[in-house]
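Quick heads-up: structures coming right below.
First subunit A sits with subunit B, and in the next complex the same chain sits with subunit C.
Right, the complex of A and B next:
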């Protein structure tokens, strides 16, 4: 085959390959979304958002607020710990004498932690917190275990975002005699903000969609949250509804399961939109936006 | 670039306006009355001195035994081929190399009679007094106004409404005010390269430095911006001591009074710029300034 033809064939095959890969990624997502919407929408009623669960049906007020509270808790706990750990890894960890990168142990611990299956973390939470500290199935052990799960992710995305900040910004700030803290807050973090915020919100989405560790730490409750951090008798959240209600004999419960799935997906989409908005706001002075 | 030529600078640099053309030795006041009024008369004539300054990165020597004194209000050009150590020398003067792994110094750098490494030296204050302008413009990712006052805020020199005054004054000083006054809240990255560099200069001037280190400040700029920046530097000189690294020999001749020629980690020769270019005393200097080595 002449060279030119070979090149054309290769190009076509390559484009086809990339297109197929894209389709492989998109089609299950689209199919999932479509089937959830198709099952939830026909019998959708807005009152699921403000009525409580009953033994025969009712609404999802408890699980929806429960998932939101869990996410808020994870944002506070894992967000602060993860971002600080990322800042430490990128900015503070001193290089070793032999020239190796600093923060090796923290990074390794973080990688190991991220490798734990979530159900194992859930079991650890059950043994150590629910039973060991007599906290019972409640909000605090659930938040702590979910946080443990996503902290490595947040730390990694924060570190990566900080490392991508141009050296010129840091040098410029240093040469002006700005304090390390000011440089970090006003120059470095600002320019790393999109990466950090995106990491945080994806971590929240992961936490909100998690079931396994919650089965061990929060169990479930049909009632609304009473405000108790510990010593509650279970804590309601959406994924439990999705996970258990869909194959019960009750039609009402099946519907609630699909509603819960739809609400979860909507929450994740909202998080992504929020991420975009925050990024656009913090980046209005950034170098890349001006080009 | 702003269309106007550098305007009469305001504030403490006003004295520089009539000294734009090099004529004799600047900084020396001929009038005894003015001399007595000179607030600098009790300060050492040399703002910065290096004493047997030797620099290493790890075991690799970068510069050996540099003795040099920078006179107050002078412009000094540092020339020499790439890798000759001139940039490292420059960055040592405000301790920008301190954090570089393996960086070691022998000898000393003395700022106004005091070692910059003396115990108890405030590094932030040192960098306020010895400012720096980089090769590539590096505005921060914040508004134009916030860029100008970033250092002023950090050093708590001004606050609140004063910041607007500072921003305007410094932007006027570098001749950028008319071009940006209607978009102070905009991103600096929409400015041209030359304007960005002027913005960085305004930011550096805003904290009131005594010495300004310039690391090839015009090498990424177009000829018109370069000419503009050079004119500005000549105006700043009597109030400020400028030390400029440049690869552009013509620029060294245009802006500096003193030139230092570095080659292969040594300060080969230094002296009045005209003399160094017209009658170099070292054959290596001659080969470099005549373009036979680069």
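Right, the complex of A and C next:
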């Protein structure tokens, strides 16, 4: 083939290829959404949201509240630890003597932790907390292990958000004689709040959709949460329903599995859209919009 | 006598109202609290940053301690042998190297290790070109008004819980593949090495290839987002220069853009690989969970993560605790593999996130 023709062919193939790639990703994504909706909606009844599970069917009140409680627990534990860790990495870690950035080892540990497979963390939770400390399958080990999983993410997004606060803000605060605490609360954290909240929302979406670390720390329970942090006999949550109920003989239970998948997707979408809206809003109001 | 007070030249007394000792008690308490606030922030942040590190050390220590007896007994056959046999839990327990375990227990994780590598390899091989194509479409080919919502849609795909993806894989996607794509591949591919792995009976859609494809769908958003970010950082000038020299957009993409961000893409791919190696739920549901090395890409098999998720219950029936120890060893192997891949990826991404040109590094 002559050179000119070859160039034309390659270019056309390239253009087609990029769109084909996009279609290859978006069509399964749309198909996934459509198939979950198609499986759940025909049998959907709103009462799944306020009736409890029975041995063959019932509703998803327990798992739905369970997932919300888990997310609240993660928000408290991982949220506070992660945001403070981010503050440390961005505001307090001293630079090294050779001028390099401080906190290198801490960041490295954070990277290792976020590379840790979630099922392995779940196994550690089972061995050390559920069996080792005799806590049994219950809320506390589940929240701790989930938190350990998402803390690196929250710390990282907090650090990034804090670093985008202009240094002039801090210098101005210092020039006015503000104390470190006031500067952090009133100036730095307030300007970084949208970024931090976005990170928290995404972390919550991750935590709510997670199954593997919960299998051996919370296991499952058909009953409602009794309020016990430890020494419970399992703790119900949505992802477990999706994981196990679809191949049980009971038709009702199968439907519950699809319903749970639909509720999960709706929850995650809500969180991610909220995060996106916050980002869009702050971008509109920030000075550095033009790039 | 008293009229002279306050005469000119006299320095007025310092305003005593602000003297610390004269403040009202409540105000003083608030003051102590406020001056303690700085310390509270400092120490709080210091402790908070150490907590995850402590958690990580705790996890590694627990794994290592728990796995140690198993490592001692299982030895190297753990990596080459095949089959997890708890042994006879009713017979007398025997002792090897001082470790109690049931008679006839044998642990060889080769099929699981191979399975983990195979599914991840398929995922990466499929996801990499697709992701790079997507990133090109999003950053270079489409107007912002189209590419922004599409980019968000891909972001949402990353947020879909893996168990939901697995459910779709086993109920819808897998069976569809077994009916359409798999027979096409199995019947038409030539019988040469590598490709003959695609020959054989196609089954019902639970197996290696289905798992790998579902995994690839999970890691495409990761690689696409990172690659698109990299593409946006490539300066416009060299690209325009390429076009001014008469390059087509394919040639600009190939010779300027891709070359500019090559190592960044490698890092992004390794990040996706790390995610694929450790993924559990989507794999458990779609690979069929059978403990053997897959003879072809359609056959059911299992990975380390899937095996831990499904088999720990039965490991509890071993009264000597040796089965649980062996699963700890398995978990340790998985952790080491994926942590190494992740660290390498992050190192590459961090090193290349400040872009230099393809020709030397900009100062």
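To be clear about the criterion, the second predicted complex is superposed on the first by the 243 of 291 C-alpha atoms of A that agree within 3 Å, B and C clash if a C-alpha of one lies under 4 Å from a C-alpha of the other, contacts with A are read in each partner's own complex, and residues count from 1 in each chain.
By definition in this document, a residue touches a chain if its C-beta (ideal position, glycine included) is under 8 Å from a C-beta of that chain, and two chains touch if they have at least 3 such contacts.
These figures come from a predicted structure and were not determined experimentally.
Of the two partner chains placed by superposition, only subunit C is touched by A:152; subunit B is not. In the superposed model, A:39 lies in contact with subunit C only, and not with subunit B. When both complexes are overlaid on chain A, the residue A:168 reaches subunit B alone and has no touch with subunit C. In the superposition on chain A, A:110 makes contact with subunit C only, while subunit B stays out of contact range. Looking at the superposition, the partner that touches the larger set of subunit A residues, subunit B or subunit C, turns out to be C. Using the contact criterion defined above for the overlaid structures, shared-chain residue A:178 touches subunit B, although it does not reach subunit C. In the superposed pair of complexes, A:19 makes contact with subunit C only, with no contact to subunit B. In the superposition on chain A, contact of A:186 is made with subunit B only, not with subunit C. According to the touch criterion, the shared surface of subunit A, contacted by subunit B in one complex and subunit C in the other, consists of residues 179, 182. The part of subunit B that touches subunit A in the complex is made up of residues 94, 96, 101, 123-128, 131-132, 134, 136, 138-143, 150-151, 154-155, 186-190, 200, 203-204, 207. Of all the residues in subunit A, the ones that touch subunit C in their complex are 7-8, 10-11, 13-15, 17-22, 24-26, 28-29, 31-32, 35-36, 39, 80-85, 87-89, 91-93, 103, 106, 108-121, 123-124, 126-128, 132, 148, 151-152, 155, 179-182, 184, 202, 205-206, 208-212, 215-216, 239, 242-243, 246, 257, 261, 264-265, 268-269, 271-272, 276.
Listed in rising order, the residues of subunit C touching subunit A in the complex are 34-35, 37-38, 40-42, 44-53, 55-56, 58-59, 62-63, 66, 129-134, 136-138, 140-141, 150, 152-157, 159-168, 170-173, 217, 220-221, 224, 248-251, 253, 274, 277-281, 284-285, 305, 308-309, 312, 324, 327-328, 331-332, 334-335, 338-339, 341-343, 346. Per the touch definition, subunit A reaches subunit B in the complex via residues 95, 99, 166, 168-169, 171-179, 182, 186-187, 190-191, 283-287, 289-291.
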